[in-house]
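Each of the next two complexes has chain A plus one more chain, namely chain B in the first and chain C in the second.
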Partner chain A sequence: MSSHALPGTGRRRFVTIGFRVGTYLSLLMIMGPVVWLLAGIVVRAVPHFSWSVLTHPTTGESGGLENAIIGTLLLMAGVLVLAGGIGILAGLHLAEYAKPRKNGKESGSLLRIASDVLSGFPSIVLGYVGYVALVLGLHWNFSLLAAWIILSVMVIPYIAKSTETALRQVPTAYREGAEALGMPPGYALRKVTLKTAAPGIVTGLLLALAIAGGETAPLIYTAGAFADSPVSMSLTHHPVPYLTFLVYGFYTLPENASHYLAYDAGLVLVVLVLVLLVAARLVVNRTQKHSEARRG
Partner chain B sequence: MTLGEQPRPVRPTVVSTTPSKPEIDPILEALDPDRSRPADVVNSQGLTLSFGNKRILSDIHIAFRRGTITALIGPTGCGKSTFLRTINRMNDKVSGFRHEGDVTLEGESIWAPRQDLLSLRRRVGMLFQRPNPFPMSIRDNVVAGVKAHQIAKGKQLDVVAEERLRQVGLWDAVKDRLKDSPFRLSGGQQQLLCLARALAVGPEVLLLDEPTSALDPISTELVEGLLRQLTPALTLIIVTHNLGQARRASDNTMFLYEGQLVEHGPTEELFERPKEARTERYVTGRMG
Partner chain C sequence: MMAQVMRRARVARRITDGFRQIEGGVWQGAARVAVLLPLAALLFAVTILVIKARPAIIVNGWGFFTRSGFDLGRSYATTVNHIHGVAVPLGASYGAGSLIIGTLESSAIAVIIALPISIGAAFALTERMPRWVSQPLGFFIELLAGVPSVLFGLWGILTLGPWLAQHVYPTIANNMPNVPVLNFFRGSAGHGEGLLTTGLVLALMIVPIITATTRDLFSQVPPLPKEGGEALGMTDWEVARRVTLPWVRSGIIGATVLGLGRAIGETIAVAMVSGSLLASVAPNAYGTFGTLAAAIVTQLDSASTDGTGFAVSTLAELGLILAVISVAVNLAARLVIKRSARLGAPVGRAA
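Right after this comes the complex of A and B.
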């Protein structure tokens, strides 16, 4: 290159640096709170942590977390089945079957709008709907089933959206290749399309589970707000204990023992979500051994 | 003259311009497994095709002789790929698809109600412009169609995989990494893998949509050489932008221009003595 400065070089350099600084700042905005929150929980929970917390149920305003951990796991398992099933099927419908009609109009838009509107409802509103319709209306009382349904309604739009997006990102070349080989559509969907979209679908499902596990407001109205209730496998008429209520409810109690328990509950939740993340990554990696993205 | 009038070569060669009837051994002819079948495998009878109000192909009449290679040439947007994708009905789902006239495979309309779409596509294979292996192991790629059509299972699949990989000359390169990802192969190898996959389900016709345009010259030569070996068992129709390739690799050539079949005939004749002015302008490079 010649030694002459190109016109606008100074301005370009300024813009480049500006953008670079901007991206680092946004990175900081995301990383900062995560580190701060994690550190806050670990620092407050670990010094008082004893393993017996995991094996003893909550009694009164202290004790352990056994019943709350099992309750939270139960809630998440139900959401995985109920919301996972419906959400993935809805996403599949939007991406694969609600194709533009012959007249060129987009079909499935009603489902898409309904799903988007549903995802915009505040969770406390959903919780209250569950309280009025299920807990009182159907006389289920505070119960596992009411909590499952309301949590599922909350995260289904999320799962449907992430599933649809993942499926739409499957390269047309794969679909056409399968089509041109004369693969039956269902077979091609299972062996080629879904397999390729699996990481996106699993990630969406996982985030939805994490959201469900971290919810408090809708659960207070549907699962109940009793930290020391025993875990019951009956679907109705028994309140469910869960970790987030301990975080929310025990932090404001006067005793130190209650505060410790609240921090322990927070720590257990964080570890739970981390375990979920790692497990899902491992599963996804196994299925993506032959993916195009991993050609290296 | 239609392609059907061209003498049927026992083993077609590129320079088959002399229209004299070749000597055919009567015993060999009696042994020909295809003798009772129509000589024209694919026959387009006045095919007119539109997407919505846009007409893509107008009244295409052409027959494809069994065991020949036909090059489909023409400028971008002339309807080459659309014509090709009609033969295995890949266009049917495009919005606004309408057609008049007919295309037959072995004498039967490809749109006949009793025609099963999936077995039609098994009989009419396709190779795409860009190699498109599936995200599964190399071996699973070769037998993907075989599994879907339940042609073979279990240990037989390994036999099929080896046989087809040998057929495309890829076996020695991949035999030790059959379980590896296909995306670690070179572009040319990936295309050969896709060819093996297409051949594995035993098609009668192979449609090739610019199969070498994304490949380097050496891979291109390799693929071209392979295509010749596939005849006369298969009938090949190959869309190409590469006129040299059309000349080298095909018995017959058809020239499409703005959705119309301007001219078709033996490749040598069409390139050396084109009857239409537009054909001449195109094959001499004065029209792109």
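Right after this comes the complex of A and C.
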């Protein structure tokens, strides 16, 4: 009866056990659906999957995924260059050049707020703006360039944030060491600061690519909604096929062949995201080892 | 010969040295331009939205918020109405009331479900498990964050929804007491697409955001206060409630509001799972409905058939409302984080 030695002790034990069970239950309630979701996509796709799906383009409402895969990779490549360049430079400014003001307030706060607000801006609204301003306004029609710009605007705040965080984690001793060796500031920035922060920046880029490759709604407004269009390298006037639209547009079509193509596209998307995330994880792990070896 | 090579090397050396000297200026200049681009993009987007939405705002008036329904009017008719100088097809009538309510309802359900589960899971991951268990599980949750939303939609409409409608919803619907609030869960259990299914799918989509942030926050709480609590005889629930949670409260609120923002703006998954109604709110928790974001993406095709452009303008007004709600939520989160960081700092917390 020791548990009743103090008033309320029994209740406390009960609450504590409830808490412990609750935490495991919560984890289970997340893991269960995750496994269900991923398994559901794989199980739907695998029975009808054949490798030829990857090498044939979509024709009409069936066929393969070749053009959509190339289109998605093309979209991601453009985002990597455009959003990667701008986002990294923006993060660089926030971390290195936006020095505290004399009154102690951090400068660049307006820019930071703008970046935050933009990251919370609904992607469909950005897509609509792209449709009105770029697709119709500039007469680009549904096109690669319109999609690149809107996707980039979406992920730039994200890349800027991860770059800023990575740069802020560079030890001050490294910068001081570079300065003490007489390195010019810009050279030190490239050779010491950016090089040390590179893994964090690359991780942010890979995750941003995963976001861009998995986006649907803003692309319907900018890249178009034509699954069987061929991939064209021209920047304007040609709609871009992409994987997520195959899922969204084909699962409601009447033919079974269309459904299977939608499921296959889902499988390819999952594999794509998995590759990007594993790559990001490997980058992080590798540098953790690296930095420990250095310190040890 | 040798002297010439040496001289060339010296010249090359001087050029790289010179570049290294001015390199800093190049970096700084490029960074300054780049950091202005998000601000410029934001201003551009808002300007375009306001310009595009202006005719719709003038014609639709305040009633837009309370009315429901999308009637394009006779868009093929040759005669058009002119209301306040804006060309509107005869019989066109728009209202966003049900869409606003649907947006708020579905995202509220998502947050109410996701928040406790995420905090519980973060506790399990940080406090109860060895690293070799919690790390792969954490990676799994990160993977969830990367799954494209269209796949959440596909799973929700083909797998989760029908299963719930067959095995879970009827039981709840038949056994809920007929009292206010809870009677929302009574009535027809539907076919799987609808408010509760959408809320659940959205919850699963925002769980990674809240869990990952909360987990990182928990692991940053220094061990001494927690050990002090245990030394005073506190149970782990009491340590969690009185030490750990207050310590990271503002961070959790911030992550939750970020999740709320994502749920409000989520488009494609909601368009697939909600039923995408335009004119009415869900009669009960299992009924179909619509949201602002889903309406924008599903109505583009039909809106472009309106030769006066009024339908596309109304979509801009929907976008503007959605953007205002999202931005307000975002800014509120910043305010909360700032205030609670100032007021709620536990004793001994590093500044």
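Just so it is clear, the second predicted complex is superposed on the first by the 238 of 296 C-alpha atoms of A that agree within 3 Å, B and C clash if a C-alpha of one lies under 4 Å from a C-alpha of the other, contacts with A are read in each partner's own complex, and residues count from 1 in each chain.
FYI, a contact is a pair of C-beta atoms (placed from the backbone, for glycine too) under 8 Å apart; a residue touches a chain by one contact, two chains touch by 3 or more.
Keep in mind the model is a prediction, meaning the values are calculated, not measured.
Of the two partner chains placed by the overlay, chain B and chain C both lie in contact with A:Tyr187. Contacts of A:Phe49 after superposition on the shared chain: neither chain B nor chain C is touched. Of the two partner chains, chain C is the only one touched by A:Tyr97; chain B is not. By the touch criterion defined above, A:Leu207 lies against chain C but remains apart from chain B after alignment on the C-alpha atoms of chain A.
Of the two partner chains, chain C is the only one touched by A:Tyr131; chain B is not. In the superposition on chain A, A:Lys195 makes contact with chain B only, while chain C stays out of contact range. By the document's definition of touching, neither partner reaches A:Phe226: not chain B, not chain C. Comparing chain B with chain C, the partner in contact with more residues of chain A is C.
Of the two partner chains placed by the overlay, only chain B lies in contact with A:Ala173; chain C stays clear of it.
The intersection of chain A residues touching chain B with those touching chain C, taken from the two complexes, comprises 183-184, 187. Within the complex, the chain B residues that touch chain A are 52, 88, 90, 95-96, 117-122, 125-126, 128, 130, 132-137, 140, 144-145, 148-149, 180-184, 194, 197-198, 201. Note for the complex: chain A touches chain B at residues 100-104, 171, 173-174, 176-184, 187-188, 191-192, 195-196, 288-292, 294-295.
Residues 20-28, 30-39, 41-42, 44-45, 48-49, 52, 116-121, 123-125, 127-128, 137, 139-144, 146-155, 157-160, 204, 207, 211, 235-238, 240, 258, 261, 264-265, 267-268, 271-272, 293, 296-297, 300, 312, 315-316, 319, 322-323, 326-327, 329-331, 334 of chain C touch chain A in their complex.
Chain contact summary for the complex, chain A toward chain C: residues 12-13, 15-16, 18-20, 22-27, 29-31, 33-34, 36-38, 40-41, 44, 85-90, 92-94, 96-98, 108, 110-111, 113-118, 120-129, 131-133, 153, 156-157, 160, 183-187, 189-190, 207, 210-211, 213-217, 220-221, 244, 247-248, 251, 262, 266, 269-270, 273-274, 276-277, 281.
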